[in-house]
C-alpha cells in the first residue's frame, strides 16, 4: 500500500497544510518509509474479539470506569486574559476571518446551517 | 531533605548558561517575577511542602504569565488565559515557576532538535542531544538549575531524556495526573511527567500534582497514596518483591555496555532481596508501528485547532482556505507536518480499518501482555530505558531511525501503566537509564523499588 | 398538460422516498462539554471559555443533564438506549468549529431503533416511521457574513450547545408525511420538556434526504440532501419541489447527482449548495478525551418509567374516554398544557364535548390573540366550567354565552353574577315573552298579517325581531313555540 503524490496532496488538503509541489517527492518517500514499518501490523491475525474491543474502548483508554459527568450549571473555567489578548483579529467581540468564497456578497448568511462545513 | 532556593537557581542558571546562549534549556524565564514570588511565599504564615522551591515547566503546559508556545512558531508569544492543573498544584504547594523549557515542537520528537527555538544541548556533553521531547526540562534538572521539573510523555518523552541526561523521570499511570492545561499531542497517550535530581525529588513532584481533577474526563477518581519512598535500613528491603525481566527488552542486538549496566542493576535488586524472574511480553515488537499510527492520528485531529482564527499565528491569505493553508504551513515545522500528514492519511477513508482500527486492536494485546505479567505475581518490570545513550546533535537524520529510540518506552504509554527511568551507570561518560514499569496505579511499589535501587547503587549510578 | 395532470402522472410512475435528519437543541443551562451558559442574545463570544474556544490544553467534560435529556428523548421515541455509547470526532475545518472537529457519536450511538407514529395505514394499523438512531453531539458556532465588509465574523456563543440528532429510516413517502412526522416529533419533544423544538428559532433543524424510484421497485435511487429549511411547511414545499425536479430529470433521461441543495424560502426554489460535496472525509475516530459513556440499565429504566404520558398514549386514551371527533382529539393533544386543561375542564364541567368546543374555539382564539399562555388566561377552569354549565342548561343562549365569555375576561365575577348584571340570562317566562311578541306583531303589521295568512317561513324573521327586542335574553325555543301556537 504505497502512498502516491496524489495521496499526499489529498491528505494535505484535508489537513489544510499548504505544501510546495517541490516538497512532494520528499514527503512521499518519507511517508512510505514510515508506512513500510507499519505493514507488520497487517500480518497480525486478528480475531473478531480484537476488532470489537478496538471499537468499544474509546481509543483504548485503560480506565475501568465509564465517563465522569459534570453537573449542569457548573461554572465555566474563567478566562484570566481577555479574548482580545490572544485573538489575531477581533471586532465588536467577533473573531474575524477572511470572507468565505461562498459568501462573496453582503447580505448572505448561512449562520444556522449546521452543515456548511468545507464552505469553499 | 533540603532544596535549593530560587536565588541559587538563577546563579546556577547563569553559571551553566542554561539559557539561549548555552544549553538552550529554557525558552522563556521569569527572573524578577520568580524572585518576588519566592520572597512572598517565604514570608507566608504557612509554608507548603515545596515552599520556595524553584521548578521548570515544559513549554506545552499552560502557565498564566509565561508564554506557552510548545516550541512552535504557531504559538509564538501565546499566553494562556488559564493555568494547567499540575502547575496550579505545584504553586499551591509553594513552588516557584522560574521558566518554561525547550522541547520538540508540540512534543513530537526524541531529541529536542525540532524546536522553533533551536536545539537544547545535553549538559553532560554539549555536542549531544538531551533526548526528547522534554529535553529542556531534563537538561535543566541535570544542570542543577532546578531539582524538579515538569515534562510530558506521549511515547517516552520524559523517560528517554531522563536517561540521556542522567536524572530521574517518571511517567505516572494514565489518569493519575490531570491533563487539563497540557497541550494535547495524542490524548490517549499523553501524560504530564516529572523530572527530579533523585527518586525522592521526582516522587515529591508527582505527589504534588497527582489526583483527580474534574476538568479532565480521563482523570482517575482514586485516592492518591503516599508515593514518596521512605529509605529503609532493613538488610533486604525488597524481600517479597518480584522483578520481571522481559526478554523482548534485552534483544541480542542490545548494546552490550547497556546490557551490562542493566545486569548490574538486576544483581543489586537481587541483593536487596527481590526475586528476578524472566518474563515475556510477546507483542512488544509491534509497539512502535502501533504507536506511530495512533499518535499521529490523534495529533492530526488535536492540531486542527491551530487554524489562525481565535489565537496564535495567522498568515495573510486571499480567502479563508488560503489563510488556513499558509498559517499551518508557516506555523508548523517539518516533523509536525509529517505527523499530521501521516495521521490524516491513516484516518482517511479507505485506510482507517487497515491502520487505525488494527493499531487499536494490537494496542489491546500489548496492554493485555502487561496485565498477564502483573497478574502472574510480577510487581515491577526492569528494562533499559533506551537502546542507546545520548546521540550527537543531527545524528538521526531518518525519521524512523529517530522513532526507534522510543522502542522501550512507548509500550507503557500504549498500556497506560506507570513507568520511570533512573540512572544506573555510564557508558563513555554518558548516562544509561534503567526503566521500571508497574501495574496501573501501582506507583507506590515502582517508586519503592526505584528508591531502594538508587540507594544501593549510590555513586555507581553515575559511573 | 395541466399541473395537476402532470403531478398525477409523476406520482403514478415514481415513488418518493424521504429520510429526515433532525438536530434538536437540548434545554440545559450550560453547554454540553463546558460550563458556559446556553442563553441566547448575549454579546458575541461572551458565552465562551477555554473549552468551547478550543484553546490549547482545554478538555471536554460531559454535562450530566444533557445525557439525561438525550436519554429521555430516545426513550420517548421508543428507542433502545445502549448501556455503552462512544463519542467520536468528526474532523473538518470551518471557522465556527473551534477545535477543527465536532464531538459527536458515530458507530456507537446513544440509542437506536425507535418509531414515530404518523397516523394510520389503510388497514387501520398505526403507520410507523422508524427512527434509525439518536445520538448526542455539540453544536457549532455562527458565521456572520453580512456584518463587516470583506470578512466573516465568528460568534462562538452557540458552539457547544448540546444537540441530539434524530435520524429516521427512509420511510416517509410525501411532503405531507414529512410534515406530520416533524409535528409529531415536536409534540413529543415538547411533551417531555427536553427542547423548545422551534424551527423558526433554530432549536430544531431539519435536513431532508430525498430520492425517487419507480413505483413498485425496491432499490433506492441516488439521494440529494436539502438544507436551510426553517419551518415545517418549508420542509413540505421543498420535498415536493425536489420530487418534481428529480422526476423531470429522470423522465428526460438524465440522472440525479448526489448533492446538497439549499431551499430558498423567498423564491420557493431549491438550488445546489456551492460547497464541494463528495470531497468530505470526516476521518471519524473515537474521541480520546472522553471515555465510553456507560449508563446503568436500571437508571435507563427509571428514566423510562419517569416519562410523562406521551402524545400517542394520550390520544388513545382521549379517544377511549371521550366521545369526540378525531380532529378535536388531534387538536387537543398538540400540547400538554392544552390536553391537561381539557381534561380538567371536561371533569369540572361534566361535558367533554362542550369543554372541547370552548377550549378549541373561544379560549384558543383569545390566547392566540392576546399572546398570553393558557395557564395565565383570566377565565380559569372553574369559571369556564360554570359558564359551560349555564350554556348547557339553557340558562344563557349560545350567543349570550359568547358575550359572557368576553365579559369574563375583563371581570373576575362568576358567570352567573355577570349574566344577571348584564341581563344575559335567558328569559323563558311566558308572560315576558308574550309581551315582546305582542310588541313585535304590533310594530310589523305587514309581516304579521302574512305570517298568520300561512306564510310559515316568516316565523324565523319574527323570532329574530323578538330576540333583538329582548337583547338576546329570550329563549328562542320558547319564542318559536309561542309563535307557532298563535299561528295555529
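Labels A, B and C are assigned to the chains in the order they are written; within every chain, residues are numbered from 1.
In the analysis below, contacts are C-beta pairs under 8 Å (C-beta built on N, C-alpha and C of every residue); 3 or more make two chains touch, one makes a residue touch a chain.
As the structure is a prediction and not an experimental result, all values here were calculated from the model.
**Student:** Which of the two pairs, B-C or A-C, is linked by more C-beta contacts?
**Tutor:** Between B-C and A-C, the larger count of C-beta pairs in contact belongs to A-C.
**Student:** Using CA atom means as chain centres, which chain is nearest the centre of all the protein shown?
**Tutor:** A
**Student:** When the centre of a chain is set as the mean of its C-alpha atoms, what distance in Å lies between chain A and chain B?
**Tutor:** Distance between chain centres: 25 Å.
**Student:** State, to the nearest whole Å, the distance from the C-alpha centre of chain B to the C-alpha centre of chain C.
**Tutor:** Chain centroid spacing, chain B to chain C, equals 57 Å.
**Student:** Give, as an integer number of Å, the spacing between the C-alpha centres of chain C and chain A.
**Tutor:** Computed value for the inter-centroid distance: 38 Å.
**Student:** Could you pull out the residues of chain A that touch at least 2 other chains?
**Tutor:** 14, 16, 55, 57-59, 61, 63, 65, 67-68, 70, 74, 77-79, 83, 89, 95, 97-100, 119-120
**Student:** At which residue positions does chain C touch at least two other chains?
**Tutor:** Residues 50, 53, 58, 61-62, 91, 93, 95, 152, 154, 156, 281, 283, 285, 288, 290-291 of chain C each touch two or more of the other chains.
**Student:** For chain B, which residues are shared contacts with two or more other chains?
**Tutor:** 78, 80-82, 187-188, 214-215, 217-218, 298, 300, 304, 307, 309-311, 320, 324, 344, 348
**Student:** Contact residues on chain C for chain B in the complex?
**Tutor:** Listed in rising order, the residues of chain C that touch chain B are 50, 53-62, 89, 91, 93, 95, 98-101, 152, 154, 156, 281, 283-285, 288-291.
**Student:** In the complex, go through chain A and note every residue touching chain C.
**Tutor:** The touching residues are 14, 16, 55-59, 61, 63, 65-79, 83, 89, 91-100, 102-103, 106-120.
**Student:** Inside the complex, what are the residues of chain B that reach chain A?
**Tutor:** So the residues of chain B in touch with chain A come to 64, 78-83, 174-175, 187-188, 214-215, 217-221, 285-286, 288-290, 292-294, 298, 300, 304, 307-314, 317-326, 328-329, 332, 337-338, 340-342, 344-345, 348, 351, 354-355, 357-365, 367, 398-400, 403, 414-417, 440.
**Student:** Given the complex with chain C, which residues does chain B contribute to the contact?
**Tutor:** Within the complex, chain B touches chain C at residues 61-62, 68, 70, 75, 78, 80-82, 84, 179-184, 186-188, 214-218, 297-298, 300-301, 303-307, 309-311, 320, 324, 344, 347-349, 352, 356.
**Student:** Spell out the part of chain C that touches chain A in their complex, as residue ranges.
**Tutor:** Per the touch definition, chain C meets chain A at residues 23, 28-30, 34-36, 43-46, 48-51, 53, 58, 61-67, 84, 86-87, 91-95, 97, 107-108, 139-140, 142-156, 202, 205, 207, 227-228, 230, 260, 262, 273-276, 279-281, 283, 285-288, 290-295.
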